[in-house]
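Pasting in a structure now, in structure tokens, and then I'll have a few things to ask.
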Amino acid sequence: MLNFECDYLEGAHPRILEKLMETNMEKTSGYGQDPYTESAAQKILAACECPAGEVRFLVGGTQANATVINSILHTSEGVIAADTGHISTHEAGAIEAGGHKVLTIPQVDGKLTAAGITAYMQAFLADASHTHMPQPGMVYVSHPTEYGTLYSKAELEAIHDVCHEYDLPLFLDGARLGYGLAAVDTDVTLPVIAKNCDVFYIGGTKVGAMFGEAVVVTKANHIKHFFTTIKQNGALLAKGRMLGIQFDVLFTNNLYMDISAHAIRLAEKLKANLREKGYQFFFESPTNQQFVILENSAMQALSEKAKFSVWEPFDDTHTVVRFATSWATEEQDLDDLLALL
Amino acid sequence: MLNFECDYLEGAHPRILEKLMETNMEKTSGYGQDPYTESAAQKILAACECPAGEVRFLVGGTQANATVINSILHTSEGVIAADTGHISTHEAGAIEAGGHKVLTIPQVDGKLTAAGITAYMQAFLADASHTHMPQPGMVYVSHPTEYGTLYSKAELEAIHDVCHEYDLPLFLDGARLGYGLAAVDTDVTLPVIAKNCDVFYIGGTKVGAMFGEAVVVTKANHIKHFFTTIKQNGALLAKGRMLGIQFDVLFTNNLYMDISAHAIRLAEKLKANLREKGYQFFFESPTNQQFVILENSAMQALSEKAKFSVWEPFDDTHTVVRFATSWATEEQDLDDLLALL
Amino acid sequence: MLNFECDYLEGAHPRILEKLMETNMEKTSGYGQDPYTESAAQKILAACECPAGEVRFLVGGTQANATVINSILHTSEGVIAADTGHISTHEAGAIEAGGHKVLTIPQVDGKLTAAGITAYMQAFLADASHTHMPQPGMVYVSHPTEYGTLYSKAELEAIHDVCHEYDLPLFLDGARLGYGLAAVDTDVTLPVIAKNCDVFYIGGTKVGAMFGEAVVVTKANHIKHFFTTIKQNGALLAKGRMLGIQFDVLFTNNLYMDISAHAIRLAEKLKANLREKGYQFFFESPTNQQFVILENSAMQALSEKAKFSVWEPFDDTHTVVRFATSWATEEQDLDDLLALL
Amino acid sequence: MLNFECDYLEGAHPRILEKLMETNMEKTSGYGQDPYTESAAQKILAACECPAGEVRFLVGGTQANATVINSILHTSEGVIAADTGHISTHEAGAIEAGGHKVLTIPQVDGKLTAAGITAYMQAFLADASHTHMPQPGMVYVSHPTEYGTLYSKAELEAIHDVCHEYDLPLFLDGARLGYGLAAVDTDVTLPVIAKNCDVFYIGGTKVGAMFGEAVVVTKANHIKHFFTTIKQNGALLAKGRMLGIQFDVLFTNNLYMDISAHAIRLAEKLKANLREKGYQFFFESPTNQQFVILENSAMQALSEKAKFSVWEPFDDTHTVVRFATSWATEEQDLDDLLALL
């Protein structure tokens, strides 16, 4: 059975496993106080052209989102996010469990806009009752978004400017960041992100790692007691080097970018092929998630030979489905899928 | 440099890495919906003689403690624990961050006692103001304790009885459970634990796994929305099979018990050897952590050749230090250490 | 200056003050363990035809909402509410501060509908990812709503049935309940509410009391450790009889209904008068809040002689304003206001 | 039946009720935006010689404690308190419900000491694992303490200095502050408190008010979004002037001090009388709470004619009981009590 259901189906990139094997019986201190973690952090800061930053390695995305948001917000504050943002929908109320409201704004192609944030803040401040409301305390964006779309550099800069104006730290969830960086025609690079965000993370789980997200705080020690807050959120891995080793490998010899580019090449191939065949796409996605509208009986037939995600009904006779490529997708599998469509 | 600092210095047992390698490019569903996780759960329930139970695999100990406690307690309730319990001391306030007070009772050899819990509950209920206090809602014990000590079967049963009398679910933190089960002369087995506790976990991080704790709820579905609560606590691993595979290996061919027994054999050797040499032990520990009183200048000299944990000052000229053996300790290293002492 | 800004401008109904004076130097136990509180509770349960219920007196609305919701929900659960519900908007994130997401549904005339809740629950359960989302754990309605509108008995029963079907406790926020009960043509009475809700409160702050909300749990002891949860939420008044006395007076000789009817009579007079003059109403409100569309320069002129709430812009040249009558509104003031319009 | 059970048995000082009567039908804005609240705040800042401060009026003590602590601490932080502090014992876990651990230190006469805090902080910082522990983020003291004892000016200054050294805001719970200020021989005045604390509150509930605590932040706007945090904690009274009026009366013509002095005079009379008769006191209390050791059968006999609090057993045949005087205690009642003893 072909499987394009998501981008976390396999284990880890083979080089990571090799390195884990190779270093397995070394003895190092725990909790990220080891040379692999240090090395990975330095490589990431170099890639981000952000020497004054700080890197912390967490295990997963929901954990990273909750930990960062909890560590930044005052009790009275909430986080602005698109209503389709991952923290708004599929994180089981993790942000609220930390005491903070997710302040949702309607999305445009899965994205926040500078204008949308400005309008939200102006309406908030104009509301005579705004001291009776959760105070906007930071902004959350995902890049790529949940719709596979990307911010342009100009869009990100504009959001940065608005955030600066209203004193809102900007946090970028990069669970699929590699696929965003490797997209064709994007002008958003790691240094661009580091320059415009206060904190962001570089996703490993969906981009070659067994698990792990590298949280970059662009000014070291900007977040109070960050280490302790990580521990408090159950996000401090005892054998921290497992994370360090994985990211050290991913940021050696351009591996993270190379494997991301592979996924993008296959996604573009799928896109071109299906477009040629007359398929319609639900979102214009330049990344590894492709949202295609299938006729229901065709979808049913396909489901016997390939796995994919059912996104949502399109109309009475059609459904939106998602195909995801990844660092691990084999081109032959894609060709087989395309042959079925 | 020799290193007996803790029991999470190395990676994972080689058989685990082999299995991760072997299965690496398989495609499976995420979040624990895979055959390895299912297999591991079944093996664990069999080992616990607890067929009606439910197993969930979490990444780490603080995370497991906070998730289980949050999922069981009502907002008005706190958790009874020894004042030396891990949740009382070194988890960065994770339990309080979830809204619950840790209700501490003085420990005896690192342990709670049935009499101590009874006395606490009687005093609580006798206090005319007890409705103004956090309500005791469950009991937390660690086995082995933070002092390396163990409950006997009779002690555990007595605690179970008190808990039952006061309607307090009993939760056992088994971060180092293997080393407890493998101790010489213990009568506490997995089935004994499963019979006496409502929920407990079998530690992987410190006993052969790269990471991971297997939470056993002894009656399936006893904890409301447990899966969602795990997700909410950032404790749901996307590539859940990484946990399933590790525990599947650990619970195949008695591996978990065998590697634990190795650590115990070395700990007993250390104990016998040092006792013979006249060293004093700070705690009577039957498990892999040994707490030895060293004269300060001897400690200083030793520290140039071996790593260990400094526990606490004993008197002006002596210090308590901890040596930990583990599944990974090589006998030659131990012999070298003993030669230095 | 006339003042129709809200319904909590004055102190308390004179009979309440008299009773406070009369009883002032009596010595009674604290925390609601006094005969006045007991008497008030009995009168309320009688008025609700709910002898098996339990009444607790809290100080204010946000406090009552947060305390009730915290006491009912499991950590994994959120509360369903209209997107215009008070808890969704103007309570400063109090529900999220307790760890729970407000799960908003679009309102119809400020109300939830049985169909809307059903559609929400069906979509939720149909979503393959619903275990990754906050679990719907209860339903919150306000009656009167924030738009001054009312549920009919049939609407409330239909919501009760849906709640029952999906095992969702139903909570009714009656901060302005008197004005709803006294509305012309309503068929919703206290017994109807008690029959259809699991918990609700009878607002005092806006209906004749100095402060206070009477929370009715329709089955006593249904909420675990409710007294302790009230204390934990900072909602337990030391001199609890201050609340008991107020509600005892309000529920003696029909005072609560009489003073509510006064406010409704004046609101109806305002409505009839302005309608006759050709004014348009933004909502069809049968209660004490009337939302009128004013031309902007007329509004400006009026604001020099009378206070009212500016609700929201209607169009470029008109604004929606709110006039509130209350138990304390003098008819002459209303006549003076109407003369200005 | 005589009643010396506590200091919140009666309603409010008559002058307060008179003022509430007199102003009852005035119309003012809600939420503390009224002239009475403004006037009370100014009088309190003047009494504290703290013109740059900010005053907020909350309803009760647990609420004030939780709101202040939540508003100051970072998620990673806990609050240092005596193990007998009110927040450590009888507030139903309100501080933990806000996510923060109460970090208890052994008390000396119910008090923290500068040396105790220093020792705690030194041990904390010396602990190699201190980043795995809740971070000390502020210090809580009560004055008078739960044992009726008082800090001296020198003790308070020493604590202030330690707090300053470790960057810990100092918060003083003055639920019974009047009785502390009016004590014989105390050198702690409101200006002394304002000079040494970052935030404190002046208790009304137990000192003449119907309810209410005046929170003084000694530097205005020092606490981020304090108004919103008050609202979030359910601590914002809609008819805020009820609090303003009460404190305006209490801080007019020295009323707060005068009525406190009355309670102290009677407490001193009780103390002198009982001492003369050979009774032993459990604590040396210079304030309105007196802790006396009674022989059990005498206690039993007394309990038929007078109410008091049973504190704790002293030995097999004696019990510690508490008699509280207050602003409302009548001297004849005290004489009657003394005649019985």
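Here the chain labels run A, B, C and D in written order, and each chain numbers its own residues starting at 1.
What we mean here is this: a contact is a pair of C-beta atoms (placed from the backbone, for glycine too) under 8 Å apart; a residue touches a chain by one contact, two chains touch by 3 or more.
Keep in mind the model is a prediction, meaning the values are calculated, not measured.
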Chains touching both subunit C and subunit D, listed by label: A, B
Of B-C and A-B, pair with higher C-beta contact tally: A-B
Centre-to-centre distance between subunit C and subunit A (centres being mean Cα positions), rounded to whole Å: 42
Between subunit B and subunit C, centroid-to-centroid distance (C-alpha), Å: 49
Intercentroid distance (Cα basis), subunit B paired with subunit A, Å: 33
Residues of subunit D engaged with two or more neighbouring chains: 75-76, 91-93, 97-99, 131-134, 228-229, 231-232, 236
Residues on subunit A engaged by subunit B in the complex (per definition of touch): 3, 5-6, 8-12, 14, 17, 20-21, 23-30, 59-64, 66-67, 91-94, 97-98, 205-206, 210-211, 228-229, 231-239, 242, 328
Complex interface listing, subunit B residues touching subunit D: 75-76, 78, 89-93, 96-102, 128-129, 131-134, 310
Residues of subunit B defined as touching subunit C within the complex: 31, 70-71, 74-77, 98-99, 131-135, 224-225, 227-229, 231-232, 236
